[in-house]
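These notes open a run of structures that come right after.
There are two complexes below, and they share chain A, which is joined by chain B in the first and by chain C in the second.
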Partner chain A sequence: MDVYGFPAWLRVEHWINALFITLMVRSGIEILATHPKLYGRDDSRPGSEWARFTRKTMPKDKLYDTLDEEESYSPIISLPGHRNLGMGRHWHFFVAIGWVLAGVTYVALLFATGQWRRYIPTSWGILPQAWHDLLTYLSFRLPPHLPGEPFDALQKLAYALVIFVLAPVAILSGLAQSPAVDARFPWFLRLWGGRQRVRSLHFFVLLAFLAFTAVHLLMLAVWGWGRENSLMIFGHGDAPVGGLWVSLVIIAAIIGVNIAVTVWSLRRPRMVQRVLGAVVMALRRALLRPATSHQHYPKAAVAAQHRVNGKPPDSDTYKIMAVHDFAPWRLTVGGLVENPVVLTLEDLRALNTRQSQCVLHHCIQGWSSVGEWTGLPLRDLLDLVRPLPEARYICFLTMQDNGRDEPSAPGEGHFYEIIDLELAHHPQTLLAYEMNGEPLPIEHGAPLRLRLENQLGFKMAKWIHDIEFLSDYRLVGDGMGGWREDNVHFDMEVGI
Partner chain B sequence: MTAGGHEIGRGPLTTVVMRYSGLGRLATLLEYFAFDLPRTTTAAGVTLMAGLAAAHAYLIDGGTADPAYLNVYRALIVTGSLVAIALMSLPGPARAGWRLGSLVSVVALAVYLASRTAGLPGMPLLAGRWDCPLGTVTMGVAALFLALHGSVLTGVNVAYPRRRDWYD
Partner chain C sequence: MARPEVMPLGGSQRERVRARLRSEHTVCRACGGVDLVIGDALFLGFVFHSEPTDAYMIGLTCANPSCPARYTGIRLRAREFLDR
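Here is the complex of A and B:
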């Protein structure tokens, strides 16, 4: 068996990988655009970022939120561009699943066929050889290949690093940004230095892939584009002209696929949401839903300034309630329950179960913050109202009218979010009425907000006034499971 | 013009030049990038200068028959690099240090390119000899320093002792 050859599976994997990398990079840039700032600390304190990729500056004299900070990048560099976080996430995760499957298959075949020898050095002697090769490149000459192998020593080390270090770091640093993973295994996040450091690391991984691709293409040109592509297309280097032309066709096809999915995402976002979401959400449910939050951050970790996403209700009714410390506010709990109730804030506080949790908040945009939340565990409210057997979902209706309150939001209507009843039973699922030991601030959802510690922040509805138990959510709003799902095409299940 | 927290100042002449040269679009692109890593930036600049100094110090009187003026030139580059490092590391004259670093880099780059294209007095055989790893490193280090200083001048980076005054 030729363990240094170019068998069909290796060639197919190479070109699939090339396509996946382009889609991953572009959709990753779309995700970055939604909060184009990178931090070293988990509180994401405004102004503390070490890098920003935006021309925007925020006003000093009025309330702004992180929606105002979103950037709109060109579709040339981002998928699909034009400020479409929902679409960017769908593509990033959908392709990530394919990329991981392809990668696992590739590595399995490498070891099954003995091809691993082409990448993994078996002697320390490769290090001085690689140094010698580097000096040769710096002399603008080409070093010899290792005896009988397709690469020189430096190339062999570079490929080994990309396949066995960079790719796993990309996957693991992506996973470490999942609220479900971090909530269930806080030690895993600490391993990476924290939520914002791992986000920055994920960004460096992106840069590393771009740098590798640039050098890879340069090396192809230097070593002979036609011959090298002949090897990777036909499995032999005897057809450099064919290699040249077919490689150009393949590159054009990769660009074509990128253009097609971009146009599809911009013109038919709902279809993309349904098609890709079906795959991604099923996997999320299976892998991340069982993750129960076990977070107990020290109070010293509480952020001095917790960022805000979404503006408070700008109605006279709400303002009058706020002036009176929300004494006139009522929480209606109804729908498919045996015991519908109407509760005041005092009623909620008077219920015996009062729970506090110091936890890391994960915004879908990428920023994070630690806060202490106190309130009523949702499962205790369930005990009070007793959902009927057919109840499967809970809808949280809020007092925020996006058309009135949130000019940055692409849509109108009252904000609502729907969760599975199953999530209500998680021990750290909370109806919070206090934050950091004080009554819940207005900008953070006063008088009542939801806390779902294994989901992203947008699911945690603020300014709640009505809770409805449902058998199906498809008749609510546009039927996608929440205001953001309806209007900006986010997924309903957001454990990552 | 405000950028991501940094400003790129433009006079009338600069505005005209940028508009008709296409540099304006490049400047607009650069406004999307801003870093607040002053110590890292300065450390990178110092490292590059140290690399330039080391490369030239290594070649001083290395037992070769190089003309004397070449060793004087190398000593000047080493001295200039070391002075630039010292200035860049001090809060007061840091800006002068970066300018000196760029001057040294431009000279080193120009002399190396001249030596490999036209040749140098007394050393005509250098023309066309690009197969010198140390020379390639010297070119790369000098070019990187110029790029880094350019990023500081355009506001993409800030260097010690400056910091961003980002509030948002």
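Here is the complex of A and C:
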């Protein structure tokens, strides 16, 4: 067996990988656009970013939220562009699943066929050789290939780094941004230096892939585009003209797929949400749903300023409730329960169980913050109202009217979010009425908000006034499982 | 535990609010009662985007125990009730 040849599986994998990388990079840029700032510390304090990709400035005399900070990037660089975080996430995770499967298959075949020798050096002597090759390239000459191998020493090392270091770091640094993973295994996040450092690292991985791709294309041109592509298309270097033309056709096809999925996402986002979401959600439900939060951050880690996503209800009814410390507020709990109740804030406080938790908040936009939340464990409310056997979901209805209250969010109607009843049993699922030892602030959801520590922040409805137990969520709103799911095509299951 | 956003009013501030209620013949919207107890003030200007930057909500409670909606309020600008 020729362990340095170009077998069909290797060639197919190469081109699939090329397609996947373009989709991953563009959808990754879409995700970055939603909070185009990078931080070193987990509090994501405004002004503390070490990099920003926006020129927006925020007002000082009015509350602004992170929706106001979102950027709209061009579809040329982001998938699909035009401020579509929901779509960007669907593509990023859908392609990531394919990319990981392709990568695992590729590596397995490398070792099964002995092809690993083309990438993995077996002698430290490759290091001085690679340095010598670099100097040769910098003097505008081509270094020799390693004896009997398809690459020079520098190329061999570069490929080894991309396949065995960069790709695993991309996957692991992505996983380390999952609230479910971080909630269940806080040590894993600490390994990376924290939530914002791993987000920054993930960004560097993106830059590294872009740099690798640029140098890779340059090297193809230098070594002979036609011959090199002939190797990667036909398995031999004897058809440089064919290699040239077919490579251009393949590149056009990759661009064509990118254009097609962009247009599809912009014109039929609901269909994309359903199709890609079905795949991604099934995997999330199986792998991330069981992750229960075991977070106990020290109080010293509590952020001095916790960012805000979503503006409070801008109604006289709400303001009058607030000035009276929410004495007129009532929480209605009903639907498929044996014992529907109406509770005041005092009733909630008087219930025997009161729980505090110091945890890391993960916003879907990428920022994070540590806060201490106190309130009633949701499972204790379940004990009080006793859901009927057919109840499978819980809907949290809020006083926030997005059409009125949130100019930066597209869509109308009262904000609501629906969670699976199973999540209510998690030990750190909480109805919070205090934050950092004080009554829950208005901008953070007063008088009552949900804390769901293994999910992303938008599921944690704020300004709650009604809780309904349901057998099916598809009859509520547009049937996607929440206001953000209905209006901006987020996923309902957000363990990552 | 006091809500940090809510500001207790001093005597002179309450007097200004009371004078304002009298001048506008403010009555309870729910029962028509004229006896409104002046409570605390909530600064609206920063948090609520529709409000002028110096707007406050002053809490009023109808003294009529049988009033169906005892909690109400009046919106004032800073210069209308705060000390200079």
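Everything below uses one rule, namely that the second predicted complex is superposed on the first by the 496 of 496 C-alpha atoms of A that agree within 3 Å, B and C clash if a C-alpha of one lies under 4 Å from a C-alpha of the other, contacts with A are read in each partner's own complex, and residues count from 1 in each chain.
Just so we're on the same page, a residue touches a chain if its C-beta (ideal position, glycine included) is under 8 Å from a C-beta of that chain, and two chains touch if they have at least 3 such contacts.
What you see is a predicted model, and the numbers here were worked out from it, not measured in a lab.
Undergrad: Quick one: on chain A, after the overlay, do chain B and chain C clash, or do they fit? Just give me the call.
TA: Once both complexes are aligned on chain A, chain B and chain C fit side by side.
Undergrad: Taking the superposition on A as described, I'd like to know which of chain B and chain C A:A278 touches: first, second, both or neither.
TA: neither
Undergrad: Treating the CA centre of chain A as the corner point, state the angle out to chain B and chain C, nearest 10°.
TA: For this superposition the angle at chain A equals 100 degrees.
Undergrad: Considering only touches as defined above, state whether A:A252 meets chain B (first), chain C (second), both or neither.
TA: It touches nothing on chain B or chain C.
Undergrad: Once the structures are superposed on A, label A:P46 by its partner contacts, choosing first (chain B), second (chain C), both or neither.
TA: First partner only.
Undergrad: For A:H324, using the defined touch cut-off, is the partner it touches chain B, chain C, both, or neither? Pick first, second, both or neither.
TA: Once the two structures are laid over each other on A, A:H324 reaches chain C alone.
Undergrad: Using the superposition on chain A described above, determine whether A:S139 touches chain B (first), chain C (second), both, or neither.
TA: The answer is first: A:S139 touches chain B but not chain C.
Undergrad: What is the minimum C-alpha distance, in Å, between chain B and chain C after the two complexes are superposed on chain A?
TA: 15
Undergrad: Once the two structures are fitted together, what part of chain A is touched by chain B and by chain C alike?
TA: In the superposed arrangement, which is not itself an observed complex, chain A uses no residue for both chain B and chain C.
Undergrad: Report the residues of chain C in contact with chain A in the complex, numbered from low to high.
TA: Touch residues, chain C against chain A: 1-6, 39-42, 44-51, 53, 57-59, 61, 69, 71-73, 75.
Undergrad: Quick check: in the complex, which residue numbers of chain B touch chain A?
TA: 2-5, 31-37, 130-133, 136-137, 164, 166-168
Undergrad: Provide the residue numbers of chain A that touch chain B in the complex, in ascending order.
TA: 46-58, 60, 64, 69, 71, 135, 138-141
Undergrad: Of all residues in chain A, which touch chain C in the complex?
TA: It comes out as residues 61-63, 311-312, 314, 316, 319-325, 327-328, 405, 407, 434, 438-439, 441-443, 446.
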